[in-house]
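Okay, so chain A shows up in both of these, paired with chain B first and chain C after.
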Partner chain A sequence: MKGNYDAIVVGGGHNGLICAAYLAKAGKKVLVLEKRYVLGGAAVSEELYPGFTFSVASYVVSLFRPHIIRELELAKHGYEVIPMDCSLSPLPNGDSLARWGDAHKSRREISRFSQKDAEVYPEFSRIMTHMGKLAKEVIDHPAPDINSLKIKELANLLRLGKAFKDLGPDLLHMNIKLVTMSALDFLDQWFESEVLKAPMSVSGIIGTFQGVRSPGTAYVLLHHYMGQLDGAFRSWGFSKGGTGGISMACANAARSYGAEIKTNAPVHKVLIKNGQAYGVVLENGDEYTAKTIISNLDPNQTYLNLVGEKNLDDEIVKQVKRFKFRGSSGKVNLALDRVPEFSCRPGVGDHLRGDIAIAPSIDYLEKAFDEAKYGSFSKRPYINAVIPSLTDPTVAPPGKHILSCFVQYAPYNIKEGAENWPKYREAFGDAVVDTMAEYIPGLKDMILYRQVLTPWDIEKQMGLTEGNIFQGELSLEQLLFQRPISGYAKYKTSVPSLYMCGSGTHPGGGIMGASGELCAKTILQSRSI
Partner chain B sequence: MPVKSPFHPRTSQLCESMNYKEWAGYYAVSSYLVHHDMEYFAFRNSAGLLDITPLYKYSVKGKDAASFLSRIMVKNINKLKVGRVTYCCWCTADGKVVDDGTVMRRGDEEFFVTSADPCFSWFSRFKRGYDVQLEDISTQIAGLALQGPTSRDIIKQITSADMDRLKFFGTTRARVAGFEINISRTGYTGDLGYELWVDNANAIKLYDLLMAEGGRYNIRPAGLDALDVTRVEAGLILKDVDYYNALHALIDDRKSSPYEISLGWTVNLERAPFNGQKALKKEKESGSSWTIVGLDIDWTEIEKLYNSYGLPPEVGSMAWRDSIPIYKDKSKKTQIGYATSGTWSPILKKNIALATIEKKFDKPGATVQIECTVEHIRHTVSARLTSPQFFNPERKKSTPSVENKKQ
Partner chain C sequence: MNKSYDIIVIGGGHNGLTTATILAKKGMKVLLLEKNKFLGGIASGHEFIPGYRTTGLVHDTSGVRTSVLKQLGLEQFGLKIKNARPDAAILAKDGRGIFLPSDRNKAIEEITKISKDDGEAYRDYRIFIDEIGKFLFPLLNEIPPDLIQFGTKELFALGKKGLALKKLGKKTMTELLKVGPMSVADFLNERFETEFLKAGLLGPSIYASYTGPWSSYTTLNLLMWEVCAREHIVGGPQALVNALEKAAISAGVVIKLQSEVSSINVDKHGMVTGITLKDGAVENSPIVASSCTPQHTFLDLLAPNVIDYPLERSIQNYRSRGTTAKVNIALSNKVKFKFKSDDTIEYARTGNSIDEMEKAFDSVKYRKFSDHPILDIHVPSVSDPTVAPDGHSVLSILVHFAPYHFDAGWNKEQKDRLKDNVEDMLLDYIENSRDEIVGCEVLSPVDFEDQFNLTNGHIFHGEHAVDQLITRPIPYCARYDTPIKGLYLSGSGAHPGGGITCAPGFLAAERIIKHKD
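Take a look at the complex of A and B:
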């Protein structure tokens, strides 16, 4: 039995580290225990091939809460995000659409496919800016408790209600559409060109087991507009040194405030006595005790593995088991010996320094989803690719490059059974490389090293149940006061003294840091430590 | 990256200052010389030649072209005669201004429309049921504004079209050295001036001709900095500076009706339905909340204020477009509005501004207070409410042939 900590954080993902940093900054004695040799969880950088640092899982940043950067002095500790200027959508016919920070340039590009769409584009972003304002109100506060009559909770609800009311009738109607419609139906209200709608609609399906025509996918479109509300003109960017750079900055901040961080320290169980959590035991048998235990793991791992069914009410177990993970994406990271040039726009330029979406048409996306529905990975998947080495010289040797491909759909539950994923891993990797090679002539001859992550691998390596990148699907019924389970949506769990701070809690995934921050602030406000 | 207008090969050679800005996605010269004042005086004393290609240009043709445009514009375009131009604005259904521009009637069923924002999508929304062909010709047609007292003489050198008979806001086709152009007696300087519309292919030829023939009349290439001074003197408003496009305004408070931005005179209310008619009728009856006025800022007070710091008065020579608070009186208790653009007028020797103020405070000749920062400290100085049209020379509308006949 070691140490008497105020808090132990299980899992050194960026949310765990942020939570630890806030607690340590408040003068608490904090210990972070990470299973792997490296910190970051899914926001992790690893040198898997000499000289090449991969953002193994998450690869771009948009929604990281700016007040966390200020409050934890993250810039001082190495936080640096370099903006991306372009969104490129190559088409199979050799054409392409590029959208830029330069509004007139984007207008000229879009008008090649639809002049109406090009001109309506600013009207759409006006609406989304308002929608984003509301969403910001939601993500920057703990979810309100709709069952409580406590003054504080009512005030929370009122604050949210006021934000809704302030939208005015037109925008309020639009907001209802935004949270209920499919991404595609929502975009259909403005746009006619598939070349534009397809790459815009995919932001609604990332990380979910749904298609662009599935209801409820529209609201994720917002994520592209919210970055601007945080005072950034360009909303997406690369973290210097890969997304692990953000985790390292959070870890450095936590350490600077006195937190202790151990890697290679896998936690086996949360220790519970009289129904209350009081410590953890590692897989090697070491025990640590603390007043509060905080799990950065997802709801499934936290409740069913760390706590265990025997310590839980039947109803809680049922709810946790019903929580949807359904990982639907994989990742293929390539080390290349030169710049991958696209046949649609030969040469090296700023068009390669943003994100590249292989989403040429709605049918293409729907076909990709169809295959996944019936238990196969998409032979021609939606791919969101980036070449971070063209922006950040620290991640690859001079002249060499990284092509990082986020791939959807790769369903966790393939028809052969998830445990058989390793047999199909390379075939999945081949499908992705084949798809990219249709747009990048000679790609196969450039590859020095290939890393293929299936949802199975993501689960095994990073502990994300069913490989869900958001620690549970971001679908409407799993958000706000329902995330992760009704009644325990405010970072508390059903086990006293055990909290959760991962993206399985409100407001959810993406490298936001909000869950870690709000969990820490909730604990500090409760004065339980 | 901005694109280059068809005149770029010439204008870029002339732009010694390398002083450009972006205008509607084009490179646009701010000033050819380091200081824009010679270009300003070209507009007012001889002729300034300005590339206006970045304006959006639309061709509207067909049997119903006039009624289609009447449906969109606040003005009844059915009444516009062939060979005439009108300036007006167009509104949303709730009577808020989307954009302003000119409509030229080149034939019974042929119109040419210019705008500041892209409006193809907006116009297209109202096409249903009209026999009309709407075409965006923004990138096919280049435009030059030749503005200033000698502009007519210069154009007379390059075409036989009867410039002496072309009235203010008239338009005509003209043959120039083997190609056709369109000339309209319009502009953004409030002076005698013309706008010339030419196919891209002939753009350079036209430019060279004007510069060659204009030499004797002191023609000078002029940039947007000089234009900005002249347009404030003329009291001509500018989208995104003096008002916002209602389709892009983030909040309702930023939207304006034509009455609120001094364009009430362009509205023809009593006629077949048009966009915003109902709302505008209502506003006409119940009165508007805001209005645009001119401010004649008291120079002696400015001098006195600077003098109290031991300084001579300093006013920038450039037109400005920051929002400056306007107060009812020295106590600064009641802010009645804000100035949106202003300039030192070299020809009037006055410090002038365009301001949006609450309608109830709009009493011509009344004195208000405008903020004036000297040595980092905010003061106010007096300003007199005037018409926004500070400068309006007779030559703007003069037509020699008609006047000669009278004599």
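Take a look at the complex of A and C:
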């Protein structure tokens, strides 16, 4: 038995590392235990093929909280994000739409498809950025607790209420619309061209088991306008050295403040005595004790595996079990022997240095979703592809490149049963390569190596239940004071001394760091350690 | 101004009649204008084949507000109300079915025959509906809170709503907030096991919507329907229209049929002065209540220079994509459902399974009608044999989903295809044979639009989507008055929305009275 830690963090994803860093910085003795050989969880870089560093799962950064970079001095520890400037959507007819950081350039492109849309586009961006500021207000604070009548909670609610009231009636209503409408219905209010609407609408469905016409997906559109790199709204970027670079920076920061980090250290159970968490036991039997245990794992893993049903109230078990995961996406990472050129825009230019969305029409996206709804992966999926090696040459050997494809829909629950995914893994990979090859002539001959991650693989490899990349669906009933369960949405769990700091807590998924930070601050404020 | 009337009501549907009558009873001089030769709008029945009548284009009267009917004094004009939702049957394709009597204990008994667990679950479900009804039902029967002039008074009103929500108790409140945004598929899957029971229960949550059972927020729609389904009218919507007409006349409402309004007139100060009819006649009045759809009211009846651009755009963005068609069938025999040998079932609905219903919705996305539509069936001849010749029947069927936005176009060929589809589906559930079908009428969303000025043929005057509730149709017109002084909305496009309820018509009248005082 090894003890005397103030806190043990189970899971070395970026949130766990950030949580550890904040606690260590406050002078606490912290231990991080990661099951895999490498840190980062889903924000991880791995050299799967000699010379190629893949951002295996999560692949772009946008919502990382800027104050965390400052407070943990992450830049000093290797945090570097290179902005992406373009969003390209190739079309089957050989045409394409590119949207740029430069608004004028975007408008010129859009006007080829609709003059009206080109005129409305800047106004739309302006309003969305404005709305994004409000959303920021929500993600930078713990969720208000509607069950409590404490002065602090009421003040919290009032603060939010004021922020909403200050919006004025039009924006207030837009806010209601954003939370409840479908991404497509929302965009329909502004735009007419499908060439524009289809690639814009997909930001609403990433990581969810919803279609672009599913109510509630409009809200995620905002995320696109919340990305805050170096203070500039609406910019997305690549992390130097892959997204694992961010996790490494967080780990370095944590270590610099004195945190201890162990890899290859899978935790088996949280130790509980008299209803209170006091330590963990590893799969190899080693035990560590601490005043506080923090789980970076998702709610399902935390409550049902680490704690176990027998240590929980029936009501808690019931609520945890109804928390929805339903992973819907997969990943296909390709090592290529040259630059993949697109037939719509031959040559290597800035248009390849951003993200490339295969979302040519609304019907295309809906068909992809309908296949998934009834238990199959999409034969012609929505793909968000990036070629990070063009922006960050360190991730591939000279002249060679990485094509990283985020793919939707790949439902965890296929009709044959999730455990049969391995049988369909290569067929799924083929569907993705076939789809990409329609836009990249000769793609199949360029492939040196291919990694296919199905939701089943994501679950097995990263411990994300049902392969959900956000540690649980981002639907309204699973957000704010209900994430992950009502009454325990402020990083505390129903087990005293056990906290949660992963994306399964408010404000949710993506490489934001907010859950880790807010969890650490909650613990420090409670003065329990 | 030459003031001829205190108020003009446009549209003689059940809401227009309600507004007119309430105001006339307050002593106002009211003119009601109806485009068609008959009153009732889509609440009216008609003879679709000689000798066979429906009792309403839409037929669900279970949400009608008896409190309003009482104030209108409709019982003295012959209206018969039953103080319970109608008995209904849930049908499955394999010939099974569940009879759901309005009496909940009997309903639980019936469900228990199929599944004991589902019987228990239904009991809990209905208790939950009772509980949340204490919060939701009042909300759907009052003028909604003001979100525009957001001051201390409004904050106080909202706070009161918050307290009412808290009064449900922590458990019920938490559960309501949890399930409200859910898809109805998730909600029912958590509770029930029998697939066709779930399908049958969820029906009303997706009727006339642009959502399938797997869409988020559909649970809220189901709960709203459930808490309101408390009564129903004997003889269907047409009986309500008949009583409303008598009440209106007795209250002194001047009713003019075949009087289509071509414009609402507004003076240079932005005040309503009256209306102009299609034939050029002008009627003057400082107040106009329109029970037409918001789009028809603002975009067709008002001159373009009267409303400002933001208002115009919000109205254009108000979503009302019709997804419902109607098939009326005349049958030369009593209707005999396969699962129950007697012939007394008046209301029945199909669905079979959640996924099948979702697929019915999928077709809408691709601008097609569903090959396996969901049928919401009413057999008016059961309680009113006069609608058909002796021993014969009428089936009034609302068909989901059949979109207004339909690539093939609603021509005769497509309507025949829909008719064949519906007949095929129907014969799966009833013992009667195809030979007994005397005739059929198909009404598409385009027909609804043509005949009743329903924008995009939407039977609720706009989708019941969350952002189109409470602030219905748009925040600036959510309390019946509009930015145009003297113009009010009194139809299903206003709070609390569509269906045979009389609620928007009544609340609009209340608002007008408040403003007059």
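Operating definition for what follows: the second predicted complex is superposed on the first by the 524 of 529 C-alpha atoms of A that agree within 3 Å, B and C clash if a C-alpha of one lies under 4 Å from a C-alpha of the other, contacts with A are read in each partner's own complex, and residues count from 1 in each chain.
Quick note on the criterion: contacts are C-beta pairs under 8 Å (C-beta built on N, C-alpha and C of every residue); 3 or more make two chains touch, one makes a residue touch a chain.
From a predicted model like this one, the values you see are computed outputs, not experimental measurements.
K.L.:
With the two structures overlaid on chain A, would chain B and chain C clash, or do they fit side by side?
P.N.:
When both complexes are placed onto chain A, chain B and chain C end up side by side without any clash.
K.L.:
Please compute the chain B to chain A to chain C angle from C-alpha centroids in the superposed arrangement, rounded to the nearest 10 degrees.
P.N.:
After superposition on chain A, the angle is 80 degrees.
K.L.:
Give one of first, second, both or neither to describe whether A:Arg107 is in contact with chain B, with chain C, with both, or with none.
P.N.:
first
K.L.:
Going by the contact rule set out at the top, does A:Val56 touch chain B (first), chain C (second), both, or neither?
P.N.:
It touches nothing on chain B or chain C.
K.L.:
Contact-wise, after the overlay, does A:Ile402 reach chain B, chain C, both or neither (first, second, both, neither)?
P.N.:
neither
K.L.:
Have a look and say if chain B or chain C is in touch with more residues of chain A.
P.N.:
Counting residues of chain A touched by each partner, the higher count goes to C.
K.L.:
If you stack the two complexes on chain A, which partner ends up touching A:Ile176: first (chain B), second (chain C), both, or neither?
P.N.:
A:Ile176 sits against chain C, while chain B stays out of touch.
K.L.:
Which of the two partners, first being chain B and second being chain C, lies in contact with A:Arg213: first, second, both, or neither?
P.N.:
second
K.L.:
For A:Ala254, decide between first (touching chain B), second (touching chain C), both and neither.
P.N.:
After superposing on A, A:Ala254 lies clear of both chain B and chain C.
K.L.:
For A:Arg322, is the partner it touches chain B (first), chain C (second), both, or none of the two (neither)?
P.N.:
second
K.L.:
Compute the least Cα distance separating chain B from chain C in the superposition and give it as a whole number of Å.
P.N.:
Superposed model gives a least chain B-chain C C-alpha distance of 5 Å.
K.L.:
Of the residues on chain A, which ones does chain B touch that chain C also touches?
P.N.:
none
K.L.:
Of all residues in chain A, which touch chain B in the complex?
P.N.:
102-105, 107-108, 115-120, 122-123, 126, 129-130, 168
K.L.:
Would you pull the chain C residues touching chain A in the complex into a rising list?
P.N.:
147-148, 150, 170, 174, 177-182, 186, 190, 210-211, 214-217, 310, 313, 317, 319, 355, 358-359, 362, 365-366, 465-467, 471, 474-476
K.L.:
Taking the touch rule as given, give the residues of chain B at its contact with chain A in the complex, in rising order.
P.N.:
Residue positions touching the partner: 1-3, 22, 24-25, 118-122, 124, 136, 247-250, 252.
K.L.:
Please output the residues of chain A touching chain C within their complex, sorted ascending.
P.N.:
Chain A residues touching chain C: 146-147, 165, 169-170, 172-173, 176-177, 180-181, 185, 188-189, 210, 213-216, 322, 324, 363, 366, 370, 373-374, 475-477, 482, 486-487.
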